Structure formats: C-alpha cells, structure tokens
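This structure is in structure tokens; I'll ask about it shortly.
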Amino acid sequence: HEILELLNKRATVVQEIGKLKEMQGVKRFDPVRERKLLNIIAEHNKGPFETSTLQYIFKQIFKASLELQEDDNRKALLVSRKKKPENTIVDVKGVAIGTGEQHFVMGPCAVESYDQVKQVAQAMKAQGLKLMRGGAFKPRTSPYDFQGLGMEGLRILRQVADEENLAIISEILNPNDLEEALNYVDVVQIGARNMQNFELLKEAGKINKPILLKRGLAATIEEFMYAAEYILAQGNDQIILCERGIRTYERATRNTLDISAVPILKKETHLPVMVDVTHSTGRRDLLIPAAKAALAIGADGVMAEVHPDPAVALSDSAQQMNIPQFNEFLEEVRKHAVVHA
Amino acid sequence: HEILELLNKRATVVQEIGKLKEMQGVKRFDPVRERKLLNIIAEHNKGPFETSTLQYIFKQIFKASLELQEDDNRKALLVSRKKKPENTIVDVKGVAIGTGEQHFVMGPCAVESYDQVKQVAQAMKAQGLKLMRGGAFKPRTSPYDFQGLGMEGLRILRQVADEENLAIISEILNPNDLEEALNYVDVVQIGARNMQNFELLKEAGKINKPILLKRGLAATIEEFMYAAEYILAQGNDQIILCERGIRTYERATRNTLDISAVPILKKETHLPVMVDVTHSTGRRDLLIPAAKAALAIGADGVMAEVHPDPAVALSDSAQQMNIPQFNEFLEEVRKHAVVHA
Amino acid sequence: HEILELLNKRATVVQEIGKLKEMQGVKRFDPVRERKLLNIIAEHNKGPFETSTLQYIFKQIFKASLELQEDDNRKALLVSRKKKPENTIVDVKGVAIGTGEQHFVMGPCAVESYDQVKQVAQAMKAQGLKLMRGGAFKPRTSPYDFQGLGMEGLRILRQVADEENLAIISEILNPNDLEEALNYVDVVQIGARNMQNFELLKEAGKINKPILLKRGLAATIEEFMYAAEYILAQGNDQIILCERGIRTYERATRNTLDISAVPILKKETHLPVMVDVTHSTGRRDLLIPAAKAALAIGADGVMAEVHPDPAVALSDSAQQMNIPQFNEFLEEVRKHAVVHA
Amino acid sequence: HEILELLNKRATVVQEIGKLKEMQGVKRFDPVRERKLLNIIAEHNKGPFETSTLQYIFKQIFKASLELQEDDNRKALLVSRKKKPENTIVDVKGVAIGTGEQHFVMGPCAVESYDQVKQVAQAMKAQGLKLMRGGAFKPRTSPYDFQGLGMEGLRILRQVADEENLAIISEILNPNDLEEALNYVDVVQIGARNMQNFELLKEAGKINKPILLKRGLAATIEEFMYAAEYILAQGNDQIILCERGIRTYERATRNTLDISAVPILKKETHLPVMVDVTHSTGRRDLLIPAAKAALAIGADGVMAEVHPDPAVALSDSAQQMNIPQFNEFLEEVRKHAVVHA
C-alpha cells in the first residue's frame, strides 16, 4: 500500500537499514560508522523532511538496534526469566526455596555468645523453622563499632546449628574469608553495602553453596539484577535475592521498603526473592504488617531479626524481636504464608 | 541509693528543673530565658563536669521539655489516635469506610465522555462496586496537556452515578470551584500536588462532604498528617488518607509505593487509609500484586484506574486497566480483601 | 553504497515512512493507527529481521516522530531559549535582573513588626541594596504554627520600603489575595509548595508585576520550566526562577542545593535564575560558601534571610543572619559578584 | 534564684546525675542500668510532673550523656578537625594538595591504549598539569561491559607518566591487587561503589601512598567521614576526599552534585576535598560551570575526564572532553582557581 512515495530519503533509508544488518555482526557501538552514515544522510536528503529530522530518526534506528542488542543481552542474561522460564529452586540443606512455599529466615543481628544463639535456635526449632541468620562479620559505619566475632562467631553458629538441626546464613565481607567460612555456613550472605563489590561477587560465583544477595541501599532493581548476574556468570546459580529497603527522604522508617521490587524481580528473573522486614522498616512495630505485605505480594520468604534480650544487643537493639515477640510474629504472620503440607 | 554525691551542679540542676515547670506555662520557646539559664550554669559550675557538658545536658532538658510540649501538641492533634482512639468512619452515600471492611475505588483517570464513563460504571455495578473515581479537573505538568472537562466532566459523572447508583470521587483544584462542585461529587479529592496547598485544605475543612487527601509526591508521613490536620481543624473530620507512592531514584516504577506508610498512618491517626496502586506503580502488570500487599497490610481500600480502551486514553494510557483486566483484577484481589457479609 | 540489499522490509519501511509524514498532520499520538501499522509489518515481513525486531524499530520511529513533535513543543515553549534566544530582563522598580549583573535579595523570613523590618531595611540601604524579601503569608507544615501577619505584614513592608526606597518581594498563597497584595508588593513570590498549584500560577500570569517562582521541594528541572510556562502562557513574562534546594536523603543540610540547576535553567530558558542559599542549606555557616558557588556558576542573584535577632525569630531561627553577619556576608561575597559600575 | 522548689524529683534527679558520672566510666550504653534507673524514678516521683514526663527527661539525659560520649568520639575521630585543626597536606610526587592552592586532576575514564593515554598526557603536560587519572580496573554494572585493561592498563599509565613526568591516580577494586598496583600508581583511588567496602578501606590504610576516596552514590557526609576514618585508623593519613554527586530523583544530570558537601567536609575534617565534575553532572556542557562553582566554594581540586576522541571511548563517551575542549575548559576555569606562584 502507498508504496511509491519514497521520493524523499529512500536510498539512504535502505542503505542504513542494510547496514543495520551488518552492524549486528559488530561489537556494540561503532561511533565512527555512525557518524559516516549521518553524513551520508546529509548529502542525500532532498526533503521534505529536514536533514536534522532524518538524522534524528536514524539515530533512533541506531539506538533501537543497539537496544535490541542490549535487549538480547538481557534476554541472554543468565538471571533472566526470558533465558530460563522456570523458577530456580535453591536448596538449603534440604529446604527448597523458590517452589512457591514461603519461608522464614530468623536469628540475631549479630552473634554475641553461644548462649544467645542457643536461645534463639531453640525458639526457632520449637516453631519448626530451619533457616537461621546471624552476623559474625558485621559491616559497620564506624571502625570503632562492634565488628562482630568473626570466625569465632561462625563457629558458634555452626555448633548451635548442628545441635538444633538448623541451616546457617551469615554475611562474608572479605573474599579471602570465603574458603574458611564455607566450613561453617550453609548460605553466604552478601550485604547491601557489598552489592556492587564486584570482586566479592565474582568469588561468590565460584563457590558451591547458595548466596543470599541483598539489594544495595540505593541500587536500582536493574543494578540488583546485574549484581546477581556477576555471580551467575561464574557458574553459581543458587542465588536468593533480598529486598531490604532503599534510602529515601522519608524518616518515619529506617529505609523505605520497596515492596514493588518483589513482583518485578519475580517477573524479570527466575530467582527466589525474600524481604528483610527488619532492615527495611527498622521498627519492631512494623514487622508484622510488613511481613504480611511481603507474603501477599509473593515473596519466597521473610527475614527478621530475633534476640533473647534486644535491649542489651550490641547492634540494632531498637528493631529486633525478643522470643515472645518472635512467637507472636510467627503466629500472626504464618496464617498468611503459603506452606506446603 | 547513692544520694549524696550532689557535689557538682546540684544547685543549678534544681533551679533549672524548677524553671522547667514554669516554662510549661510559657508559649513554646523562650530563647532569651534559655540563654540566661545557660549563663547561670556557667557561673555556678565548679566541676567535675565541664561547663559545656552541663550546658549540653541542660539544652537537652530544654529540648525535652519543648518536645514534651510538641508531643502534647501531637497528642492534641485532631487527627491523632492519641486524641481519639476509635476509628473515624467516613460515610460515602451509605458506604462506611474505616470499619475494617476493605473497599475498591475505581474509574477512569480522566472523564472524556458520557459513553466512556458509562461503560466503566456498568462494569463496576456488575461487580457490585459503589465508589467511582474520575478526573474532571486534571492537574497537568504542561499547560498544553489535556486539562480535563471541568464542570462538564463533573456533570457527566453525576449523571452516570445517578443512573448506576454509584458515589463519585473527583479532584478539585481551585477553592473557588468547591461550592459548585458539591452539587456533583460525593467526595472531594485533594491531589498529591495540592497536599500542601493550605488555602485549599482550609476550604475543604469547611464543607460537609468527605475529603480524600492524597500524599504529596515527596511529603513525609508527618507532613501528610499535618495536611489532614488543616482540614480537621476547620471542622471536617470525614477524611480518607491515600498513599500514592513517593518520588525516589528508582525508575522501574513511576513512583515508589511506600507500603509501610499504611500501618504507620493507621497507628498514628484514626482516619481510614487507602492505597492508590495505579499512581504508585504506574504499571498495569503490578496492580494485582500491589493491591494484594495493600490489603494484607491493612489498608481500608484500594484505588485503581479503569478505562474502556486505555490505549486511546487522553492521559495515563500505560497504566489503566481495560474492562476485562478490571474484572480479572477484582476476581484475583477480592479473595484477599476483608468484606463484611 | 550497498544500495540494493533492500530485500527485506523495503516496502513496509517506505510505507511507514510515508505515513510518518501524514502523522505529522495528526495531533499527537494515534494509537489505533500505530497498531494498524504494526500489523502491516507483521503481514509483510519476510526476514531476515524478525517481525518483533522490525516492530521494535518502527515503534522507535513512531516514538522519534512523537518526540520530534514534543521537541518542537519545547522549542515552542514560551520559556524556552530556543523560542527566544536573548535574556529576559525583569525590571523591579528600576533594578534590571537578567543583564549579567548579580543581585542580592535579602530580608527577614517572616514580617514580625515594623521595628524588625525597619532595622533590616536600614542595614540593606546602608549597603546599597534595593531588593527586600519578607514573608507576610507563611505556608507552615502545621496549622498551629505562626502563619504570618497577612495583609498587615504587607502594609508594614510597603511602609518601610517607601521610607527606605526599597522594592518588596513577598509570597502570596491564595489567588484571591493577589489583587489586594499588588497594592503593596513589587514582586509576587510563588513558594516551593505552590510550584504546581496551577490555579495560582494562572492567576500570576494575568498580573502585570514580576513573579519570583521557587522550585518545588521535589520538582524536576523540567517540571519547574513547565510551571513557569503556566505563568508565561497567560501573558506575564516577568519571571525570576529560584533554585532553593531539593529533598534528598542527606541530612547534613536542610535540603540539597542543586547547583547544576542554575546553568541548565540559564541554557534552557531565557529567564533570570536566582539561588536561595538560606533554604537550600538551612545552615548559617554555609551561606557564604554557597553564595560564592551560586555567583561563580552564573546565578543572576542570591537570596538570603536576615533578622535583627534570629534567636528570637518566630520562624527559621537557626538559619537567619543577624545584622553584623549580614554585613560580613556581603563584604565576603560581593567580591565574587559581577556588579556593573 | 528560685532555688528551693525541689519538692518534686530532687532525690532521684541527683542520684541519676551522680550515676551519669559513673556511666562515663562505662562502655557506651548500659540498658540494664538504664531500666533500673527509670524504675527508681517511678518509685520516687510524687508529682507534679508525671512519671512519664520525668522518665522522658531522664531518657534525654541518658541520651545526652551518650551523645556527649559520641561527640567525644567524633572529636576523637582521626579525620576530625577538632582532633587536628591544621590542614593535612597530601604530597603526590611533590605536588602538595591541601595548602589552599587548587589543582586539576584530568585524564581518560578508562585506559584503552598507549596512544590514547599518551595524547592526553601530552596535552596535560602542555598545560603544565601534573596529576593524571585513568581507569585500569573498571567497576561496571554489567559483568559483560568492558572491565578495563587491569594491570596492563596500570603499566601503560606508568610508562606514559614517566615519559611526561606526571603522577598517576587509578582505582583499585581488589585488596589483593593493591601490592602489585603500588609499583605503578602514585595515588590509589577507592571508587564510589567501594566507599563502604571496609576490607578494602582497611588495606588502603596500611599502604604508604595517598588514597583518593570517592563518596558513595547514596552515602551521607557522615558515612563518608567514617569511611575515611577506616583508612586513617590503620595509619595512613594521606587521604583526599572527593565529592562526585549523589543519587536523587532528578534526571537532568547523571547525579546531583552536592556542592555544599565541600565546605562541610572542609570544616569537619582536615583532609583535602576535590570535586569530580564529570561524574557528578554526566554532561559535558556543565563541566565548566560546575568547576567554577567547585573552585569558588573552596575545593582543593577539580577532577574531569579527557579522551582524544570521546565519541569512540569504551565508556562514558557522552561526558568526556576532547583535547580542544580540555584546553578551553582549563583556560576558562583556571582564571577562577587559586594558584600559587
């Protein structure tokens, strides 16, 4: 239809489109060729479109082509659901995460002592939970704040876990600690401040234990996916993503829980997605409602911090639950969770 | 216990604390007196605390006292649950909002024609919904964008509402339009851009129809409550608060849905709280999950936009649902809502 | 070169490009036609490009065309420097703003009394300044905070201004107050909270006195320009733009001074641009450095607040300068200002 | 004055204040003791202050005391100007940074080849500049983007620097690369994404070459200072801080240049402060005005990126200057810089 009105620009149109095909063979972006093509348009244009208009449209074609490639890249991203439509199931000592069943990851902010961890572990076991978190290496804003018990903390976690039959999730900060830590932890956590510590991500991609990757404080969802890609690109596909609140102007909460990130990540990637309700809100009184929202929107799990006596905790005392609060939390929230029989 | 070590600062301590009592009779803050007191401390201090230390502590006492008053103020805020513990029930033509039952407010972004509104209204009626939204006065970034049909739009809404037995919620921008608009609307909406248009808030406080007040694009939760207080202070307590997303760095969504605002507002105020899932996400594919989260976290209602043919809508075409999507949305989301028999 | 490889898609390519020409006759966006064209591509495509690829490219062409029109719109924006290359000179009682000369707008946050205003005015006159700011209508977060003296405040400003030969800049909140206020003020300020109060902007566009328009707390630069367009579209081109800090996560300052906004606004528009160093920083100790930066980057003026005794001011006591600080400020900053002889 | 109204609370007041003294001997925060004291108040209070009021005030006293200690901590921070009033002078191969003289750090975003680096180096030498930046290890959002030439890039930089008598600043990502890198670089840069990579900071604190530490994308100024403290605490005081824009909602610039951070950092710390105008604005057309603002506000130096042919650069092509633009930049900006004879 209306075929013959190619009075203006036809020749150049076609050339460039022909070249587009070639360009697809080319790396990513060839600015020298692009500039040459724009010059050709200027020479050949006889109107009625202005040269600048045509150049604009062709720049869009180049950009479209480039974006096509990028879209292909994203399709090609190993984290992408376009690449792998079915859910990745992360296996943590027999607990399958990513199946639709919803899980709870609980435990103290920081490991302080055997007794402290033991009390929490017993409460968890009594509730039938299996996934325990606890910080041994603590990234702290100030070098003079409590930095965690380090390897000794991991040993405590392991001992208690073995006694109570739990799995352990704990953050590692230094790539050089990874190997030793694998003796103690079942899941390596990479924290928000290290989400773009690419050297650590690469090392995490080489181990054969699951990774729990937290979203950076001001990371976009896209950057978050690329961070996971750094891990997957090294061969480790056992990754759990964790939304933990982003930094905004609002101060009623410690961070702003970006709840919409959950369905976006579930749609764009095939990885399980959890929500850390403790760090996203920073308020004990919001843990239950935030957890309900996280479960309703389809998170694969909820993380929260528990301490036998939060008031005397060495970190984050204002936001951890004590044991009775933990029991109340579970009772209230579990009703809303999908739990397979 | 250890009573007598009041070697240092006792006299001054007591003086100031005595004065604190007086200060409570005083307005808010008397910097002249404060400076005088700080001088007295300097004169009387004999250690071992440094004068600067003592002055610091006393400044804290002054501030505490001031905050006490402010806390009293907040307790005294008419919107505060401390002031009025029981829920305010907003009555919209017989629909009671704030009872625990969860509602749906649906309708087109902008009123475009009788037919358009009629189609949506019929779909709503078929689903048993009563609360219809529709924009007649549209605040637009550009003066050259479609600004809505104005009073003519309100008349269309009224006509359709009467035919289908619905209640109408529509935004008013100009205080001077309020009186005439009351002939047509059942609830006056004050939009995000006008959340701190205090002249409009004051006028809204003088009418005897309910107000739906949206949170500003970058308003804190505290500012939001004070905006409602402007209305309540004029005598109108029929206010519905509406979280509609805040402006952050994240671009995967149009705004960032601050889901935690819902339980905070429910706790701090006695007013019903709704969530606008359309404007907070700006993505049709997120409406269902966001609505589930809103209901799970305890919102009194969910707002979303519906248009018979979103692709040709004069505004917000990318985020409105068409009628089949609307039906699917309700079917999916209603299961999670609290609905009284 | 390589002309003949138009095996694939040539026909459709040309058709659509022909149609693009027609589309330019069309309003803005015709989604029905767009969908039809995408269908045509699907029918005619024989490879090797995938249909989805071609549709993607054509969507880009449509978008480019649309953006072309929008770019034309922006070119057509009355505020745009593309529309009017030369600077707009705003004349405030004989003071020409926008010429390259740099000005100072000073005065108290809020008008409290004749004496208070008089003291500041005398200090300004002694320094040879002409442009005085002072708030009579104060937009306050809480309805119970000091709301300003209203019209009485404007009368005080006028009286002092006449005695000391100054020009008066003061904020108006209610469109209904504009007419009376014009008896007293030389420049009408529209504050940050009202930057998208479109009804007020339209009224401001109808008066024949200059407008000082402040950027909204979380407004983009583009939204800021459109807000000015609302005024200009009504016929009033005497507009001064004022950057006053934006809301971010950082708390070391009250707002974050977006200093880059100045050269962007100077480049994109023909309007004078000022920087309010008081509200952007909220810290007295940053007024001098911030003012130096504003002058260096090319602002047409600097605004700052002065109060005879800031400690007892009814608003913003922490950030206003007293008279000696004002004199020091001017002495320090003026060296860096462009002042015509 | 009014000494004797210590009817209410005197005893408890004094006890607690006595205890405050003890508390200063205690670590940081003793919640058990605090709770005990609050109980004592409840037992002894006979009015007229309510117990809750008194407890509130005493909580403030405890907090004040704690903050006092924290203030002492901050005073004790090695980065603090309270701790060390005079400027730290960072010596980079004979160039003294921090003296008041203002410097330029220029060079390509990424090292691509010897020729590319050589051309920039010659242009810099012709302008009398000494401080060259260039990226060999590039932190990239995607694992598939150009990651830099690594050690080979550092060798190129060193070779050119030796030929042209320049000093080299280059980013290191992996603590394990530090030792080898010291053979080639004169200043180790720690990038924005690694500002809270505490393991890297600690290693940087152990070397004896200067560190250029960039502010994180969403780091507060306080967090930035603590990151520097991590380095200084290990013994390395040769630190240059660099403001490089923060992440906000505004999209007219790549980041938002937080210009106020410069005077705040200069006031709070004794370290030199630079401004990276390339990354903060992301726009070539803003480099000159942003650099003028940075110099005017007192930065010790300005960083910007230069590439012989930015259009074909492997990274950041839109924001680098070519050689003529570099010359124009320097000519325009240098007039505003403080340069010692």
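Note that the chains take the letters A, B, C and D in the order they are written out, and that residue 1 is the start of every chain.
Note that in this section a residue touches a chain if its C-beta (ideal position, glycine included) is under 8 Å from a C-beta of that chain, and two chains touch if they have at least 3 such contacts.
For clarity, every value in this text was computed on a predicted model and none was experimentally measured.
Participant: From the centre of chain D, which other chain's Cα mean sits the farthest off?
Facilitator: B
Participant: Rotating chain B so that its CA atoms sit on those of chain C: what angle is that, to a multiple of 5 degrees?
Facilitator: 180
Participant: With respect to inter-chain C-beta contacts, which pair, C-D or A-D, contains the greater number?
Facilitator: C-D
Participant: Shared numbers divided by all numbers used: is that above or below half for chain A and chain B, i.e. same or different?
Facilitator: same
Participant: From the C-alpha centre of chain A to that of chain D, how far is it in Å?
Facilitator: 27
Participant: When the centre of a chain is set as the mean of its C-alpha atoms, what distance in Å lies between chain C and chain D?
Facilitator: 31
Participant: Two-or-more-chain contact residues of chain D, please, as numbers and ranges.
Facilitator: Only 218, 222, 247-249 qualify.
Participant: Name the shape of the chain contact graph, picking from line, ring, star, complete and other.
Facilitator: The chain contacts form a complete graph, every chain touching every other.
Participant: Show me the residue ranges of chain B that touch chain C in the complex, using the header's touch definition.
Facilitator: Its residues touching chain C are 31-32, 35, 73, 139-144, 173-176, 193-194, 196-199, 217-218, 222-223, 226, 229-230, 233, 247, 311-312, 317.
Participant: Inside the complex, what are the residues of chain C that reach chain D?
Facilitator: Going by the criterion above, the answer is residues 218, 220-222, 246, 248-253, 256-264, 267, 280-281, 285-286, 289-290, 292-298, 336.
Participant: Tell me, which parts of chain A touch chain C in their complex?
Facilitator: 1-3, 5-6, 9-11, 13-15, 17-19, 21, 40, 48-49, 53, 56-57, 60-61, 63-65, 67-68, 71, 218, 247-249
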